[in-house]
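Next come two complexes built around chain A: one with chain B, the other with chain C.
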Partner chain A sequence: MNYTFHWNTVWNVKEALLKGALVTLELTIASMLLGAFLGIFIAFGKNSSRKLFVNIASSWIEVARNTPCLFQIYMIYFGLGQFGINVSSYFSVLIALTFNNAGYLAEIIRGGLKSIPVTQMTTARSLGMKISNVYIYVILPQVFKIVYYPSTNQMMWALLNSSLGMVVGLSSDIAGVTSFEQARTFRAFEFFTAAAILYYAIAKLIMFLSKTLGKKIYGTD
Partner chain B sequence: MKKLNLKILLSFLIIPLFFVGFSTKAEKLDDIIISGTLKCGVMLDFPPAGFRDKDNNPVGYDVEYCKDIAKSMGVKAVIVETASPQRLPALISGQIDISIGSVTSTIERSKTVLFTNHYLVYKLTAMVKKGSSIKVWDDLAGKKVGVVLGTTPEIEYLKNCKAWSQGCKQVSYKSNADQMLAFKQGKVDAVIDASSIIGFMVNGAEGKDYQVGPVVPNFNDWISIAVPKGEYHLREFLDTHIFWTVDSGRYAELYKKWFGGEAPPLVRSDVNF
Partner chain C sequence: MESNGTVEIITGLHIGDFFFMLQGAKRTIILTLVSISLGTILGLFIGILRGVFNKYVNYIFGLFLDFVRSVPLIIQFILVNAYFGISGHAKSPFFIGVLVLSIYSGAYISEVVRAGVLAVPLTTRRAARSLGLSWFHDLFYIVFPIGSRAVFPSWINIVIGLFKDTSLIAVIGYIELLRAGEIIITRTWEPILVLGCVGLFYFIICYPISKWSERFEKKVLT
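After this line comes the complex of A and B, so read on.
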């Protein structure tokens, strides 16, 4: 192999790489929180008896789940740009990831809602509880437990998808920083490896936190 | 716990496996001459140095330069498209023999590849919309500027913008194509790139609303051919080729054909090479 690894080239820019890791983590967490919030509404929308809500929720889920995330990011940045609406690189990625997460999470939440027997609703209603209270105190707490681990999975996807921000000029995340350093120094394999290790480490961190937190809230699973 | 450690260890062992298999047996120059083909990596989104004509054939200054080298070697030229960030990986992995991709011979990159003597020199310049308030270099302070990730224009902008109180406001795109689209849509107030591509855009189909902006101060973008590490004989050959290209007047001819105007000297009078 006619290539000698210069790892100190990577070490010299460790601050920039760690800052990049923070931006990636920030994008992942923010898009998950926003996505989960929207996902709940979309799940209820799809279960609703009103046709308008069902249509909006269905089309959201269809587009979010059946088109590549790359396309979604590109459309929000350059697609809206064609109509004179200019969203910054960072927010394009955040919006697209949120859109994507909301679509997937809505289906996960809908599955969770379906797994709660209807009898619980009727029983709670017959005890005199309002519908909103039945959801808040009886059904949703159980749903959250069911969707907790599948959502962790979705968070991994959000993490990996955030690297696509590079196509719309996001240069502050891990993929952007390593790509810049790679082109500046020509130490391609060192920086690609560094990027892989950082993504791997963050993914492991998310897994670990989710497991610990899950055990704390829901007991051993 | 033991099981977990083994798993992590294995995943880290897999990464270096990607790099196995890049090896050179004989000298590259011999390999090229014996195999009969010279594979040149050229950027084809960087007109007029490298682009595609209406029949989708690669053309441009870099493309024609590659063909000249192949002729000197007595072999056939194969043009391989490499976008800016792919130039080095393609060279290391042997997908290309040499990179004639308008590569700036920076000190940093020189630690990784061999550079020939300069076969071209660019000036870096901004492009702005017609009637823009950006007249001189410092007018770019606080303006959004589109560059291509990791390229010399980006590195030069980052060097300059540190002095401005408004800070650095660059947006770094993945390719020249995206950079120009963003400029067209008004996402950035200016773009910075080699004067050649800026000139090409301003004279092009959409150029009537654009104009050439201020030049990046105190900077010459010296361009070399990149050769894999250790291939000194190949580099010597290319240096000889570059010398005779200039001496025979072919350099001036190529320059006039693709960039227009008089070809700039390829050496500084105050340096002895």
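After this line comes the complex of A and C, so read on.
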């Protein structure tokens, strides 16, 4: 192989790469939190007795799960532009990821809700609790435990999908910084190796934190 | 669209664009089929062999597969493309796409296969071996039939995931469906219409398969 590696070029911009890692983390966490918030509503919407809610919730879930994430980002980035709403690449990635996460998380939460026996609701109701209180104090704490590990899995997907911002010109996350730097220096291999290692490190970090946190809250598995 | 008080009917889209996108769709499907075939063979191979290897080989394999699963596909495409570029043997985007996607799907499939092998009760396998079946007989007549039922729904999920992930190959210049759509958008500026068609195409392939696999899973489990 007739090629000299220039790892120094990568090392020189390490601050920018680490800042990119922060942006990636920020995108991942923000989209997960927003997605979980929406996902709860969608899960309840799909279980509701109102036909309209069921339809909205199931089309959200099915579109989010059955189309590529890149398509969803394009839809926000280019699609909203047609209506005169110009979204920056950062927000289009954030919105699309939130949409995607909400769809997947809704299914996970719905599975969790399903596994709680209906008798718990009737029991709590007959003890005189309000419906909202039954959910807050009885049902949701159990659901959170069931959905915890599948959600961390979804978080990994959010991390991987956040790299797609590069395609719509996001230049502040890891993938964006590396593609910018490699365009400047023509050192694609070195820079993307660094990006791969950074993503791997973040993925491991998320896995480690979620496992230790899970053990702390819920005991072993 | 309204401009200067008149309604524009001509959109810049024409029939050729439709065929252009159809060609992209064909490429997406071919890429998926080739990659999933190779990936399944690879995954089966690794998944079964990991039960045979000693723990050091397993550890190295596990590390590699873990790496493949934890790095965004888009980075892997560019990395492999760059590697072939600097090594002086530049390959076509299709070749790199198939290579990366096969290994990527193989990594996921191997994990699923391993779970499938573990799903077969050890006592059943021991009984088979003590009845005089060889290791290969045990694999083909005992492990495959029982394990494949447990594995099939997860495999379908991987296929759907892979089908969607082929859209990322655009970064190394392969014109599949989504990239074809993007090219048309930059010329005609009709994003909703074009993207709508692209999204619909992905949806009408993924949705029935995932629903069917869900039903299958329920039937097997009960």
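Going forward, the second predicted complex is superposed on the first by the 221 of 221 C-alpha atoms of A that agree within 3 Å, B and C clash if a C-alpha of one lies under 4 Å from a C-alpha of the other, contacts with A are read in each partner's own complex, and residues count from 1 in each chain.
Methods note: a contact is a pair of C-beta atoms (placed from the backbone, for glycine too) under 8 Å apart; a residue touches a chain by one contact, two chains touch by 3 or more.
If you're wondering where the values come from, they're calculated on a predicted model, not measured in any experiment.
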item: Clash-or-fit label for the pair chain B, chain C on chain A; value: clash
item: Partner chain(s) touched by A:166 [first = chain B, second = chain C, both, neither]; value: both
item: Touching partner for A:70 - first (chain B), second (chain C), both, neither; value: second
item: First, second, both or neither for A:100, with chain B first and chain C second; value: neither
item: Partner chain(s) touched by A:79 [first = chain B, second = chain C, both, neither]; value: second
item: If touched residues of chain A are counted for chain B and for chain C, the larger one; value: C
item: Contacts of A:154 with chain B and chain C, given as first, second, both or neither; value: neither
item: Which of chain B and chain C A:6 touches, first, second, both or neither; value: first
item: Chain B versus chain C as contact partner of A:185, first or second or both or neither; value: first
item: Which superposed partner A:195 touches (first chain B, second chain C, both, neither); value: second
item: First (chain B), second (chain C), both or neither touched by A:28; value: neither
item: Superposed model, chain C segment overlapping chain B, candidates 77-85, 113-121 or 203-211; value: 77-85
item: Residues of chain A at both interfaces, chain B in one complex, chain C in the other; value: 1-3, 78, 81-82, 166-167, 179, 188-189, 193, 196, 200
item: Chain B partner contacts - residues on chain A that touch it in the complex; value: 1-3, 6, 9, 78, 81-82, 84, 86, 89, 166-169, 171, 176, 179-189, 193, 196, 200
item: Chain A to chain C touching residues, read off their complex; value: 1-3, 62-63, 65-71, 74-75, 78-79, 81-82, 156, 159-161, 163-164, 166-167, 175, 178-179, 188-189, 192-193, 195-196, 199-200, 203-204
item: Residues of chain C defined as touching chain A within the complex; value: 67, 70-76, 78-79, 81-83, 85-88, 160, 164-165, 167-168, 170-171, 178, 181-182, 185, 189-192, 195, 198-199, 202-203, 206-207, 210
item: Complex interface listing, chain B residues touching chain A; value: 11, 15, 18-24, 84-85, 88-89, 92, 106, 108-109, 111-113, 146, 149-151, 154-155, 171-174, 178, 181-182, 185-187, 228-230
